[in-house]
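Lettered A, B, C, D and E in written order, each chain numbered from 1.
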Amino acid sequence: MPPRSARSHFPQHGTKPFMIDWSGYLSLILQGAVVTVQLTVMGSILALIVAFIAGLGRISRFAILRWLATAYIEFFRGTSIFVQLFFAYFVLPFMGISLTPLQAGVLALGLNVGAYAAEVVRGAILSVGREQYEACTALNLSRWQCMRKVILPQALLVMLPTFGNNAIELLKATSVVSLISLADMTFQANIVRSQTGSTLIPFATILFLYFVFALLISFGVRALERHMARGLDGVRT
Amino acid sequence: MEWDWNFVWQIFPTLLQGVKITIIATLLGSVLAVFVGLAIALLRRSPNRLVSTTTGFIAEFIRGTPLLVQLYFIFYVLPDIGILLPPLVAGVIGLGLHYGTYTAEVYRAGIDNVPRGQWEAAKACNLTARQTWTRIILPQAIPPMMPALANYFIAMFKETPLLSAITVLELMNQAKSVANTYYRYIEPITLVGVFFLTISLISVVVLRWLEQRYGRIER
Amino acid sequence: MAAPIIEIESISKSFGAFQVLDQLSMQVMPGEKLALIGPSGSGKTTILRILMTLERIDGGHIRIEGEELYHMSKNGGLAPADEKHLTKMRQKIGMVFQLFNLFPHMSVLDNVTLAPILTKGVSRADARKRAMELLDMVGMSAKADAMPSQLSGGQKQRVAIARALALSPKIMLFDEVTSALDPELVEEVLNVMRKLAAETDMTMLLVTHEMGFAHDFADRVLFFDRGRIVEEGKPDDIFRHPKQERTQTFLRKIIAAGHRV
Amino acid sequence: MPSTAQDDAKLEQLRAQGFARVAIANEPPYTAVAADGKVSGAAPDVARVIFQHLGVPDIVASISEYGAMIPGLQAGRFDVVTAGLFMKPERCAAVAYSEPVLCDAEALLVKKGNPKGFKSYGDIAKDTSATVGAPGGGTEEKLALEAGVPRDRVVVVPDGQSGLKMVQDGRIDAYSLPVLSINDLIKKANDPNLEVIAPVEGAPVYCDGAAFKKGDEALRDAFNVELAKLKKSGEFAKIIEPYGFSAAAAMSTTMEKLCAAK
Amino acid sequence: MAAPIIEIESISKSFGAFQVLDQLSMQVMPGEKLALIGPSGSGKTTILRILMTLERIDGGHIRIEGEELYHMSKNGGLAPADEKHLTKMRQKIGMVFQLFNLFPHMSVLDNVTLAPILTKGVSRADARKRAMELLDMVGMSAKADAMPSQLSGGQKQRVAIARALALSPKIMLFDEVTSALDPELVEEVLNVMRKLAAETDMTMLLVTHEMGFAHDFADRVLFFDRGRIVEEGKPDDIFRHPKQERTQTFLRKIIAAGHRV
């Protein structure tokens, strides 16, 4: 039995002995892990979509598209993810946009990581040599045909490893959504910590889980890369 | 909720206090990251397989897990084994270790990018290993790293709000504290956003300059 | 006498402050094989790139089969060519590059069939049939399913030639197509080009440092220096009895460097 | 003028969706999360019963930082906050409170034997080397600041466990929370080297109430009606006393008094 | 007859499963000018790199001036060479690379003075004096303060030669030192090498595809194929009357590709 404070004049609660139901609390952390995975997957999908839109926008022929894409990228890379989450969750409702915590989390994470990935898209496209564009012209392919059939397939391979890193960054950034009351893995670990009084066990557990997720992402990306690079060996120096 | 300029002026000095801590944490964290990164990069090149793989694993682990959880660990778990660090020190160590694993990659890429011909020419000139590193390889490897390193320092700067989890009163924590005192969120959070954006925009200019100054090396 | 297939009329081209071509004029007859030689930086590549519309001109006119390349008639007057006009004009011209510029992510066959399928709407089956004929001609049909990275330089260049031919252009441009190859591999590419010259009546413009080949291959040789044609004539005249001093020094240096003329 | 529940559009909306969204804190015994993830604790239990009486079958609780509760309420993220958010004049200006629900005094968690001899926040202010921890935006932080403890000696601690750990590790000299929260912490910690000073001298007894958004006064009034019934029937005491709270304390004061208190 | 300066005794070298050199033996006399020719991949570069200690050998012995290169005597027996021994041996050898490998972050003069100052402890003033003489010899003294990026390929290569000479090696290795140059720039580098051959009694090993130059320059020509010496002899014999069929086909292809022999 824990000691009672002799000086407290308020009634003491709870007469049951205090026992920790670890399997229950671990399953609580696993529920958090599900939220973390959801956020990572949906955030990555959103990031991928906006990355291509903004990345292609950056190299568009139209100044207005370039300008818009640059503004988006600089804004989201410039402000901290914390500020963005807070805006999505607490300030957008004042503008009449009320998102569920999950939506707000996905939105902020996706747009934030998407801004970084957009630069990856742009860089990869530019890394395909000018001579490939010239070969397209010599073969009379249109801009769009050239982009779709010749440039993007090559650029994709260049992007892939960095995309993997971006996805891991996104995974790690999900831990800050506890700020907007989203019950992700870190948040649940904190709950478990408050409820059980143990710090080491919940945090060691989630560190392990985060690392496993990160490894899964990098293995997945590497497998994809190998799959796509077949027959292309020796092309890039 | 309406925007209130009076309130903005009222809280401004408090937020500046937070800015100071944020900048101190970033600077100290950067210095640590530069050395941690170099250490990791060199240990990973060690001919001793045990040293190189262990370093590699630890670096991957630190890089693959959230800084927030690492900070909790350093601050709340380490005291159990007798390591009691003040909040700011714990925060700087967390930032330095975490970003050290990133800068290690920058070092590695920078060194790998020096063409093999330069190593060979150094050998043909009969330079020693030490002379080769200090006279030939590092002078060529480091300047192109500058933009990438600077990028990580900006990223680190934007992650300092995490330190509020270990009671460091940096900018975000000050803003929250102010907000909680007056029940007004829009102004402090917006100011924090503006502050980060300003620093970032300035750093974009600095980065461009770094890229121009150091980014390319003419061969 | 037939009308020229290419008429170049006092074109100019600068890169920044540097004038590469200066009021250059020349004509090419249908079926003619033309060799462009001259020192490095004299503008040979630039002319080919302009004909392929990879660079724009600053002034002057180019007509292909009598039709303006960089201008189009619009409301009675001449307007700068739009993409549609250029697309139409490019159908007449093919180009082979020094560094092959194959698409590394596609098989040899896909490299050759891509453009006909996309730009001419040829059916996949027809495109393949024609591609196999062309690959056969350049001696590469056995490697139709290989990826470019699995080929030697000479093989890559032969595929690049087949790819350019697949669009059946009337004019072929070759820019130092052998200079990136190992000496032993040069011959196989030159053989393909000899065959091409013998079997078709395509107009060909060739930039080369292989003086021996230029001599045997070309109907006419143009010697360039600093964006101007310094001397032109039959190969024998240019190589054996150059009139201009600039041509003489150039040829002397090339010979001293070990090249056969 | 209290309006009747019938003409309250907000309540109608809650009835239609079948649940009310409540914000709770991660602070036993005000709120507790069981190993199966079920939310209990004194504050949500009361809210659940009252909403049932109002015809709203369930509550959906989200755990929130103290600092995020009022902005969340204002932003329409929650319908009500039932989290041990004590009534204070400034807060009363920001939200619409119900009548008192849970009352508690303040306590200090210190090392065994109270080495620095703290009895009040004023004692902490006097000792220039002393630091005190408190939740960000919480009552205790304000009390400490008002008692003259400078800002840099009031450490904002994210949650109770962290505060306890910091006292154990000697990072702070005292950690302040409501009495019951501290008791819950120390029970879980089972650490004989800690001691609770309760109540803190000079610190008022505070009561929380369910906090509604300004403008939802009609819903608040309906809530009050049911809360009064519950208090009268004795059911109220049955719900909160197992958690250690005193029903008598809540019934001995009113929202108006607490909000006016300086 | 003098003792050979280089003795190579049945050395072998593999990269993974691929055997580049197979029990190769050869000797070089002091002052001899040797040309190594042969098809791509035959192991010519590998031999030079092994002599420069840029690659290790798998088996066999190399002696420079009678002293083991990759072994050193220790306790009466032979032990693998350590870094100190290699450093001593490298003083005798200089190498010029195909791609120059100048240090891009240093001026021309610093490129040439770096090694003498660092490895021989020559004073800065002396090093500069000697460097200016060498730069003068290769015709580059006017560019002493230029950065490598401001030079043409031929100029870079001349600086690289001066840099290698600055350590006064007894043996110079040249690996296709002109093959990355524009044809017009080849001659200036070959001229420097002719001068070097005429003015010094250095031993020189030269890998080249410039058959004409090899012919004029070398005292002896070695023809390599697949890591073995297929034929060797005086230049006239090898180029005019090759005995081996492999040599004949190789030369035929090279000539067909337009190179003068």
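Here is the rule we go by: contacts are C-beta pairs under 8 Å (C-beta built on N, C-alpha and C of every residue); 3 or more make two chains touch, one makes a residue touch a chain.
Fair warning: this is a prediction, and the values are worked out from it, not measured in the lab.
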item: Common touching chains of subunit C and subunit A; value: none
item: Chain separated most widely from subunit B, comparing mean CA positions; value: C
item: Among all chain pairs, the one with the most C-beta contacts; value: A-D
item: Subunit A-subunit E separation of Cα centroids, rounded to whole Å; value: 54
item: Chain centre separation (subunit D, subunit E; CA means) in Å; value: 84
item: CA centroid of subunit C to CA centroid of subunit E, Å; value: 38
item: Numbers and ranges of subunit B residues touching at least 2 other chains; value: 1, 76, 185
item: Subunit C residues counted as touching two or more neighbouring chains; value: none
item: Residue list for subunit D, restricted to those that touch at least two other chains; value: 71, 158, 165
item: Each pair of chains that touches, named by its two labels; value: A-B, A-C, A-D, B-D, B-E, C-E
item: Complex contacts: residues of subunit A adjacent to subunit B; value: 74-75, 77-83, 86-87, 90-91, 94, 168, 171-176, 186, 189, 199-200, 203, 206-207, 210-211, 214-215, 218
item: Residues of subunit C that touch subunit E when the two form their complex; value: 39-40, 178, 182-184, 186-187, 190, 209-213, 250, 253-260
item: Complex interface listing, subunit A residues touching subunit C; value: 131-132, 134-135, 137-142, 145, 149-150, 153-154, 157, 231-235
item: For the subunit D and subunit B complex, residues of the former touching the latter; value: 66-67, 70-71, 74, 90-91, 94, 133, 136-138, 141-142, 152, 155-158, 162, 165-166, 168-171
item: Complex contact set, residues of subunit B against subunit E; value: 115, 117-118, 120-121, 123-129, 131, 135-136, 139-140, 217-219
